[in-house]
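Labels run A, B, C and D following the written order; every chain starts at residue 1.
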Amino acid sequence: MEEKKKKRSSAKTLQTAREAGYFGKKMLARTRSAVEAGQPVGWAMVEWWLGATIAKAMGVEMVFPENYGAFCAASRTAEANLDYSESDGFPSTLCGYARNCLGYTRRLKENGFVIPADATGGGMPKPDFLLACGAACDARYKWFQALGRYLDVPVWLLEFPQTGSREYFLPGNKEENIRFMVGELRSFVSFLESLLGRKMDWDALAERLDILFKTHALAHAVDRLRLAVPSPAMSTDFWALMIPHLYLPDDPETLAFYGRVYDEVKYKVDHNIGAVPNERYRMMFAELPPWHTLGFFDEVAERHGVAFAFESWNYHVPPPLPAGEKEGIGDPLELIARYSYHKFHHGADAGVKYGVDPIIFTAPYLEYVQDYRIDGLMCHPLVSCRPATYTLMHLRNVLLEKFKVPSVVVEGDIVDMRVFNEEEAHAKMDAFIETMDYHRELRRKEGLNW
Amino acid sequence: MAEEKGLRRAAEIYADRFRAARELKEKGHKIAGYFCCYVPVELLSAAGFVPMRILGDMGEPVTVADTYLPTMMCPFFRSCLDLGLKGRYDFLDAFVGVHACDGAERVSAVWRSYLQYPCVFYLDTPHTAHDHALVFFQKQLGYLQAVLEEHTGRKISGAAVKEQISLYNRQRRLVRELYKLRQVDPPPVSGTEVLQVAVALLQLPVQEGNRLVEDVIAEVKARRPGPAPKKSRLLVSGCLIDNIAITGLIEECGLRVVMDDTAIGSRTFGHDVEPTPDPLKGLADRYLAKIVCPRTFRETGKSRAEDLEQRYAYLKSFIQDWKVDGVYLNLIRNCDIHGYEIPELKHYLEGLGVPVLAVEQDYSTAGLAPLRTRFQAFAETMEID
Amino acid sequence: MAVLAGLDVGSLLAKAVILDEAEGILAHSVRLVAGNFQTAARDVLNAALDNCGLTAGTVASLGTTGLGAGFVNGPSLRNTEISCQARGVHYLLPRAGSVIEIGDQSTRVIRLTGQGKVADCVISDKCAMGSGRVLQVIARVLRITLEEMGGLSQEATRPVSFSTGCSVFVETEVISRIAEGAGVADIVGGLHRAMAVKIGGMADKARLEGDIAAAGGGACDPGLVKMLEKVIGQKVLVVDRPLLTGAVGAALMAAESRGRG
Amino acid sequence: MFFAGIDIGSTITKIVIREDGGRQVALVRPTGAGHRRLADRVMEEALEQAGLTFDRIAFVVATGYGRVNVPFADAQLSEITCHMKGVNRLFPGVRTIIDIGGQDSKGIKVVNGKIGSFVMNDKCAAGTGRFLEVMADSLGLGLEETGEMALVSRSPVSMTRICTAYVGQEIVLRMSEGVPLEDIVAGVHQALCGRICSMVNKIGIEKEVVLTGGGAKNPGVVKYMEKIIGFPLLRPAEPLLTGALGASLAAQDLWRKAAAEGRAASPRERTLAPVSFFQ
């Protein structure tokens, strides 16, 4: 099977997206040179801008094994790591990124913590601590805890509240949540101070936060530019652009880069240049992509004039913090807490309005479909990532029921390419075009305005 | 032999949970359904509900839930939602979802998007037991209390909560006493019988439940088991077991279940609530900090060895006190919480000189047949020549 | 006379139809793929032409579909199975609102638009238990023909239940059940029920509406169809010549796009 | 004194009758639908070959898939224990056993003549002998032929994780693409061996490794197994028999124990009855 699935990297439609791969490599390279220079290094989960920036402000270089998993998958080098973790007794049903990381780390340990010469992208160096996170996914802390098998380093878990839509509006509950997060962050700072034997540099943190917010403002502005018809950029562009704003948002180079991204997209919008020639359908994608076969999306676009206009709630920056929440907040930790909490709960209004939970992974889409004038959703259930898959069937039901927007379900995985059947996926897409036509009619009849 | 009324009653409730629940309703009780062992039943009870743990049914194929949940998720919760969507839990007056694991959290959300009950709450539960987390959890319990009060239109006094705490503490102590009876060899009560009692307790009004356990204890003490063949003594650890098909299979294969470290068992009945001026504090501490389930993160400490001790040392005393010969690690497929634990836990237990059998199962009675060979081989491995 | 031709090269069977849009199916042919898509496709098309005494030259357009469609030689227009099934069923049974197509490798449940297009579609997952393949496997074990199966399941008094979801192991389970003394009828009945439950779940997902039509090889099995009716709680119509719907749809779709182009 | 082991596999039934320190008779018969209830006949046949009557057999141990309901057996043991005992008798230096049967495959770690740990696959047919049977069937060839065929391929196609139910379809596709048959066949063998190895890896593969079960009779399997593991494997002269042999050895041990405790049944109390049914 695999031989047929030749590696095809996707043709990104933005010049800046083609350049974005640099940031992933930069992140890896920086941690390696930090180790050589005797500086501390940490591995972190994506924790939606909670802890990594704090650690970086204290002079720690951070790297994200999740990103490394996608990297290994995209370069098709994950298989050996997967097998290696399974042979140590980890069930094969666990998160593909986790198994990739567990296998990699086992090899790292067996190599005396010298990065194996053939490691993808130069490899991740041994960390001094692990920053886990309780948000959205159990693997985010169970996986790092399990790494203890190979890495005798402390794990810190940054906890994250996940509020139900009605509970969000209980009087005072939101502030309780924020208070809790601030407390968690403060403990994390103390943990770092005692681990590193140095004090928090609050000025450095403020500076980094400033850059982060500016980068994110641009990233959000780019998201809004994508409302345009025809769509100026595609999901494949986004998956490349995601790396700098998700992992290195507090880096001046990222900020400068995002300025260019904005300009490029703006130019295309102003000049009515679509990412797909003859855009006929606008689709949305949920949640994590098949990193190993991104080229699939180009083919779909080409064959049917489908623009993947928007995608995955998970990795987008949130809408900016409402001014009222930002002003007068002197404590940078509180600012961080509010921002992350906002990321996770900005769908609360939609959740209550439509009587749909959860706020994460479901409610935000209720607004996206309308804003981005979506004709159809591509659900990508993953065999190895439950969090991004749990609610896809639910989402499919809700979008159809409330907005007459149909979904096509294409099974796959983030790292395990053996699950993705490209031919079958194309067959489904061919038929789905008719389905989208039909529902367009339905929406017209029901007075839904797209 | 004297009639074993308590054990029989437990077996009856176990055999038809829904009938038992409807009988309670006919007697005028209100019933509150909830997930997992992280919901303080004391509060539900103080608000006037009979708490009923929502369980699935391993014996019934999942058909309806396929439209709402993907197949790759925890089959236990798939089964729960399937029963819910089929209307089996329609009699509930309240529903309390909980963030125990991702499965519990997402199914709580999906559940309430499709099934409506007069009173609904989702209890966010932190993954850590840091000080801040305990304070936060206590506040969330306060919100649960407020939502319950709003529904019933009746304040829940601190005294009422304290009374329920002492009733449930008593239940937990009684169950532990029952567990202790299994420390002798051969144990006078089987794993299957204990499971039936535990399941029955998860839906009985607390005082009725306490009477039931008292009866069972008396009955078990009255048993005079004759000489029995020597069989290996098993500790069952990991994902929940709510069906006697599993304990039955294990016991048929020449093993004895003498102790458990699972959700319907020692995790539910293991620790008391300390009396505190604000009863919610005692509840928060007991539920979040004292229950040892891998869903709650334990601080790693200074080294791997210390980490392992903090996470697993309690199993050492289980093994010593219950004279355990082997451990069965029960993993329901797709359970991340327990899946990540397997290699380290296995390593730790084998380090104590106890053999371990880890098996992934699909939460389906139909799929159990192939496990027979594994259990039998495991029994033969431990056989004392 | 110019006619339309359609070829459905499935994983097990190759099917060809010769169609006159006004008059309907003029001729058809079905044969085993038997390890070679190219030859199967060529032979089955020639046979169909022979059956109505026409030559390849009279064919205005050739539409193809199915797993092996890529191996058809000569000029043809390929479309995917889902759309072809939808068109084919709509043409043969216009009042159908939904289709359950049970093929050798997978089962597809399709809700149709008024024009015979795909309003929604659910495809069985990778395991073979919900598809026609398992019927064949079990027929072989029981030493009966596929044709005999349909009648047998209706005689079942105590349909057996299977513990495995895997089509490969169902075979060994059937062997055990025979040894236990289960009757052939009860085994077939149990198998049909297991399949029907699986397919019924898919029907739920696709929110089937209107009259439901069964197509594909599995629809040739009246026992399975009966059981489906029981599970879905609604009458299931069987398309006339259920094996041919894909090929008919392929022929029509090719003509459509020729008309457009 | 004679002892018997009967191994009722999913595919093949095997019997070994041994005399303590003396001769040994073995019989191998397909288990197929009709034969299931005929375990007693197979036993009779074996007795006939040995020139014995049933009452000469002191103890019978049943093992294998159909062990649960062999009424004439004195005890039943899991295949895991029996394979271990059988192999350990033949190869006292064995550390790892890989058994490839018709419906399951297992890895057993042997520590001081006892089971250290074991792993088993019986969920998915793609990790068992069935995989090869289905492939051979769909090509209309015998297992012997395909096994030999796998040896001549220079570049086996890669088809790592493919479901048994679809292997036929995959083969047709490949053939239509013009891939040489031997490369496809070899690819299937390689895929099976890869699966089994990564399973057995969980308990660690240590020298000496013994390959048993029907799969060990297949030269293609042996070749790719060795290729993946990286060193030569040992094989019993008749790989199908290790389970039955182990069962007969266990029969002797159990009889001794029972006799020592004074509860050995007198042979006359037992009769050779038909097998009732299978789990």
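Definition applied: a residue touches a chain if its C-beta (ideal position, glycine included) is under 8 Å from a C-beta of that chain, and two chains touch if they have at least 3 such contacts.
Owing to the predicted nature of the structure, the values given are computational and were not obtained by experimental measurement.
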| item | value |
| --- | --- |
| C-D against A-C, pair bridged by the larger set of C-beta contacts | C-D |
| Rounded Å distance between subunit B and subunit D, as computed from the means of their C-alpha atoms | 40 |
| Separation of mean Cα positions, subunit C and subunit B [Å, integer] | 47 |
| Touching two or more other chains - residue numbers and ranges from subunit B | 66-67, 369 |
| For subunit D, residues contacting two or more additional chains | 123, 279 |
| Of all residues in subunit C, the ones touching two or more other chains | 125-126, 205 |
| Touch-based graph of the chains, sorted into line, ring, star, complete or other | complete |
| In the complex, subunit C residues that touch subunit B | 125, 161-164, 197, 200-202, 204-205 |
| Footprint of subunit A on subunit B - complex, ascending | 66-70, 72-74, 97, 99, 101-103, 105-106, 108-110, 112-113, 120-122, 124, 126-128, 130-133, 135-136, 139-140, 143, 146-147, 294-295, 297, 300-304, 307-308, 331, 333-334, 336-337, 339-344, 346-347, 358, 360 |
| Touch list for subunit B against partner subunit D, complex | 355, 369-370, 372-374, 376-377, 380-381, 385 |
| Subunit A partner contacts - residues on subunit D that touch it in the complex | 157-162, 170, 198, 201-202 |
| Of subunit D, residues touching subunit B in the complex | 68, 77-81, 104, 114-115, 117-118, 120, 122-123, 257, 279 |
